[in-house]
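Two complexes come next, and they have one chain in common, chain A, joined by chain B in the first and chain C in the second.
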Partner chain A sequence: MLGVGGIVAAILAVLLIGLLLAQTEDEFTWGAYGQQIASGLSQGAIFASLALALVLIYRATDILNFAQGEMATFTTYIAWSLMNHMPYWPAFALTLGIAFVFGAAVERTIIRPVEHRPEIVVVIVTIGLLIALNGLTGWLWGAEVKPFDSPFSLRAIDIGGVTVTVQDIGVFCVCLVTVALLWAFFRFTTLGLTMRAVANSQDASRLLGVRVGWMLALGWGLAAVLGAVAGMMAAPTLFLDPNLMLVVLIYSFAAAVLGGIDSPLGAVVGGLLLGVIINLLGTYVDFIGGELRLPSALAVLLIVLLIRPQGLFGHRVVRRV
Partner chain B sequence: MSRHGWTAAKVLGVAAFAVFVALLPRIFDARLGPESAEFRTGQFTLVAIWFAALLGLNILTGYSGQISLGHGAFVGLGAYVAAILSLGRPGLELYMLDPPSWLPIGDGMRPVFTIPLAALVTGLIGLLFGFPALRLGGVSLALATLAVAVSFPIIMKRFETVTGGGGGINLNLPETPFGWDISTRHWLYYEAWVTAGVLLLIGWLLTRGRVGRAWRALRDGEVAAISSGVNPALYKTLAFGVSSAFAGAAGALLAIEVAYVNPDTFPVSLSILLLASAVIGGLGSLVGALFGALLYVFLPIYSEKPPIFSFDFADQAPSVVFGVVLIVIMVLLPGGIAGLVKRLSALVRGGWAARRTSQPGA
Partner chain C sequence: MPLLELKDVRARYGPIRALHGVSLTVDKGEVVALLGANGAGKTTTLRSVSSMTRTSGDILFDNRKIARRSPEFVARLGIAHVPEGRGLFPELTVWENLRMGARGKLGWEDAERVVAYFPWIERRRDQQAATLSGGEQQMLALGRALVSRPRLLMLDEPSLGLAPTVVAELFAIVRRLNEDEGLTVLVVEQNATIALEVAARAYVLEVGKVAVEGTSDELRRHEGVRKSYLGY
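Presenting the complex of A and B:
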């Protein structure tokens, strides 16, 4: 694990390289530079939420849930249906509740039977879930793109020379408040502590009388809630279609790997950092432009996997015989 | 039956299947109208193409135990190589494309010759990708290959001076070469099945001997395999190279068959569905690849308009069916369809064996 100095150095390096790249532009302004960082943070907050969902499940069960994005899309469609009947925030809250039950149910019914099978089996099951949910979403709601309401206006405000939209600030805040609430849950409640114990050692927790199965289901439920938040925050700008979160999922994988796949803090920092990185690269490197943002995020993923598989905050895995 | 008896039965089965495949277009011609015969022959050409691709994926995932979510990208790469080589520089320039002058793409060639070349190029690129993939086990490899699958269409769109960008490349319409006296439809059919047959033979030779044993050992227990003297780097990279080469050949066949390549033919969902088909067909079984290919071609058709029910499902139904079947197979039948067939045949064999041994004692 990197020390605090290392993390700060990594963040500064990203900002500095971005600044150097920005100098190649004909008309460099600090305002434009700041604006790219701000919108990078806003997108990064969405990646961070979904990446945190992935990490939560990975820590508890060693499963990388390839269906996390599709679960998020599915719940976002439920939110869309609810919003036709009620105002935004009640629908938002109700969706989170539905997402929680849905996530827990998925763990109980689909993941549980293969929990102790080889990794390849579990990966394939989550891919099966991805395919089925993607198809189901298209089947129930149709494949055409739908507009999705945002609770925030698109009005731009000026903060120290940097123009930021209320939308960007709102998305950033909602995602980070969710993350903070989750952190408080794991830090200050008995239930949260129990779940951390299960993530640490299932056998020891079971011996102490913890109902491990239910704790895992709870973890999947919370992950689905995070996914639903990410989905509802992403939908207004990306528009709602059955493949909405597939792209976000891939960014989130990259973010989780960058931060360290077993580190919740890493997922959040990795998400924000990745959002900023791809925004700066996309804006200031002509070769990448708007089109190669996703491949460049994937290049980040590959580089991290090859050079530092444990990411910024993760733990090195020692293989046992 | 003795062990040799079963090998003989297998050889007979393969021979019977080969004869069936060879006669199938004639059966269609004799029993169906000209149009639907052509249509059916086309469908079974596609079965051969995806059979070839799934053989490669099965070698990688089923035998050497490495998950690939990027097989569709390698198929796409093969298709692009075949398209570009068959048109050559003059052909591409005719479409107002401007390939960089250092790219050795020749002046165009017969489509059938592009098949081995596409396999070679894709196989080499697969080998190159195999090196970093070595360091990534299981989930990380799945992620890295997913990255390849997602990037492939985007990259093809970006380098439009060679690939034609989003519009893709039209190939010359296929025709029977060498002045042979069969229809183009039949030529494409036999071309695809002969290629698939050659790949099946290669796959069988590789998996039955030393290499296959090393792959299975790595799959079932990497540390134990290494301590028994299996070189993991060599064999894992080899599996990647072979599987990509198979994908490349399949891609070339596909490009020739549809006479068109386009980035959107190879989306990430292609790779995901290929993995699903390989798993449902049966991992670790070459026959499983054939079941997988039949499924890949026919399941979407029949789940959209199921023969038993009278109502139409939406076009999303196939993915729901695919996904659910995939989960059910993994939970209940890890060997896939091929595993089920094997189990049933073992049951029958076991019955015979039991009867034989019980007779002398009785």
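Presenting the complex of A and C:
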């Protein structure tokens, strides 16, 4: 797996790129460089959460859920409504519960009837869901941009010469704690084991008496929880509007492909990596700047698909025809 | 009263009819073999019992109608079905596969019983199931079926792709399970010789129908069976 080697390689890569930039860029400072990496990791943690949601559903059902971002936006609006009536963290927790039920209900009512249809049918249904949820969100809450509270201050603190905002650290920690809890759930609980078995083989699970339909609903519920976390972490900086997660979803697709679409670890590493890459590209490559960040994420996606279609941690799919 | 009874069971895959009215019984404590060539409908018969194909006709388990329910319903009644290709979870470990047999709640007693039959399982418990040899995979699938404490064990071609010594070992274990623990077994096999050694009775399927039935001795003496399936 990732291991010590991977971490050492990542640190070395960061130092090498820094040294390279120090030689070529006139205004390079290590402090600014570290700051870009820190905010890249913070954004990347959001991509990682949503990418992991995509991977969870993909592994269990072979479906790419194009509506994952809009589901996240929808639950973020629910959080916004709740936060008008209660403090941040109770609203946060309540939103996660609602997101879980919402995700499971979407699977039961919308995905279930088309489950055994060809993949293209299911993909079209998720795209339809994307459009419907986007419209519903706008209809319920209006299209104007809303401010969204952050539980973390924008105060900057100094860590070894690198100034990092509390906001960045907080976002990073919330996302990674969510991912870690989910990992522990899959690794250590009976329910998690059963869900991994269903992702491996639905037929074999049925023959052992597993109620596969409910396990899939549970998977969609957990994916929706991850999406809600990503949405609530993204909203304070991106501001809340019905298209909040549209762009984040594209970054998350790129992250999931980078890490390997069938690898949960890959989704997390891919998300963090992509966050750092687009931040460094946007800052140090003049012609990319702020505007070309999204195209550069798509370029990453394209390059991965061309050079290593299975991603960093994925398995090469061999289809016998 | 039979534990499992099929009455005129028919099944089809789209326009292709796979079973043309199969009737058979398995009594409690019995090992019954289902023999026949490729495409005779052996696997479809087991899949019909597990509600994995569309069927017509009655299937009774312990005098209760179980046809056209769901695989999970049938499994929870105590019918353990080891399918063609073994149905293991390749990415899970040996022990996780075993735990899934008891739907995650594997008791010590059941685990110990399986380890007594297959001692290597404990030594290699953390290995991925995909890395096991074919024989080990078949034994793990059998062990996984056992921890569910089945009332009926259905094995689909356990000998497929295995070396003769491994096949002999496997069937010896099936015999022990039957003789020592009274386990009821319905086994589908192309290898008629070894299946008839363990089974008390057998059915021979030909193009979706029962062509011959009887005790293993009767079938060994039956000229058609001898020539077509036993090869002497």
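Everything below uses one rule, namely that the second predicted complex is superposed on the first by the 299 of 321 C-alpha atoms of A that agree within 3 Å, B and C clash if a C-alpha of one lies under 4 Å from a C-alpha of the other, contacts with A are read in each partner's own complex, and residues count from 1 in each chain.
To be clear about the criterion, contacts are C-beta pairs under 8 Å (C-beta built on N, C-alpha and C of every residue); 3 or more make two chains touch, one makes a residue touch a chain.
Here the structure is a predicted model, which is why all the values come from computation and not from measurement.
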| item | value |
| --- | --- |
| Chain C versus chain B on the shared chain A, clash or fit after superposition | fit |
| First (chain B), second (chain C), both or neither touched by A:207 | second |
| Touched partner set for A:196, first chain B, second chain C, both or neither | second |
| Which superposed partner A:135 touches (first chain B, second chain C, both, neither) | first |
| First, second, both or neither for A:121, with chain B first and chain C second | first |
| Which superposed partner A:4 touches (first chain B, second chain C, both, neither) | neither |
| Where the C-alpha centre of chain A sits as vertex, the angle toward chain B and chain C in the overlay (nearest 10 degrees) | 90 |
| Which of chain B and chain C A:110 touches, first, second, both or neither | first |
| Contacts of A:257 with chain B and chain C, given as first, second, both or neither | first |
| Where chain B and chain C come nearest after superposition, their Cα distance in Å | 17 |
| Intersection of chain A interface sets (partners chain B, chain C) | none |
| Partner chain B, residues of chain A touching it in the complex | 64, 66, 110, 113-114, 117, 119-121, 123-125, 127-139, 143, 242, 246-247, 250, 253-254, 257, 291-292, 294-295, 298, 301-302, 305-306, 309, 319, 321 |
| Contact footprint of chain C on chain A as seen in their complex | 190-191, 193-194, 196-197, 200-201, 203-212 |
| Chain A contact footprint on chain B (complex, rising order) | 61, 65, 67, 69, 132, 135-136, 138-140, 142-144, 146-148, 150-151, 154-155, 157-158, 223, 268-269, 272-273, 275-276, 279, 313-314, 316-327, 330-331, 334 |
| Chain C - residues contacting chain A, complex | 50, 52, 70-72, 75-76, 80-81, 83, 87-92, 96, 99-101, 103-105, 144, 148 |
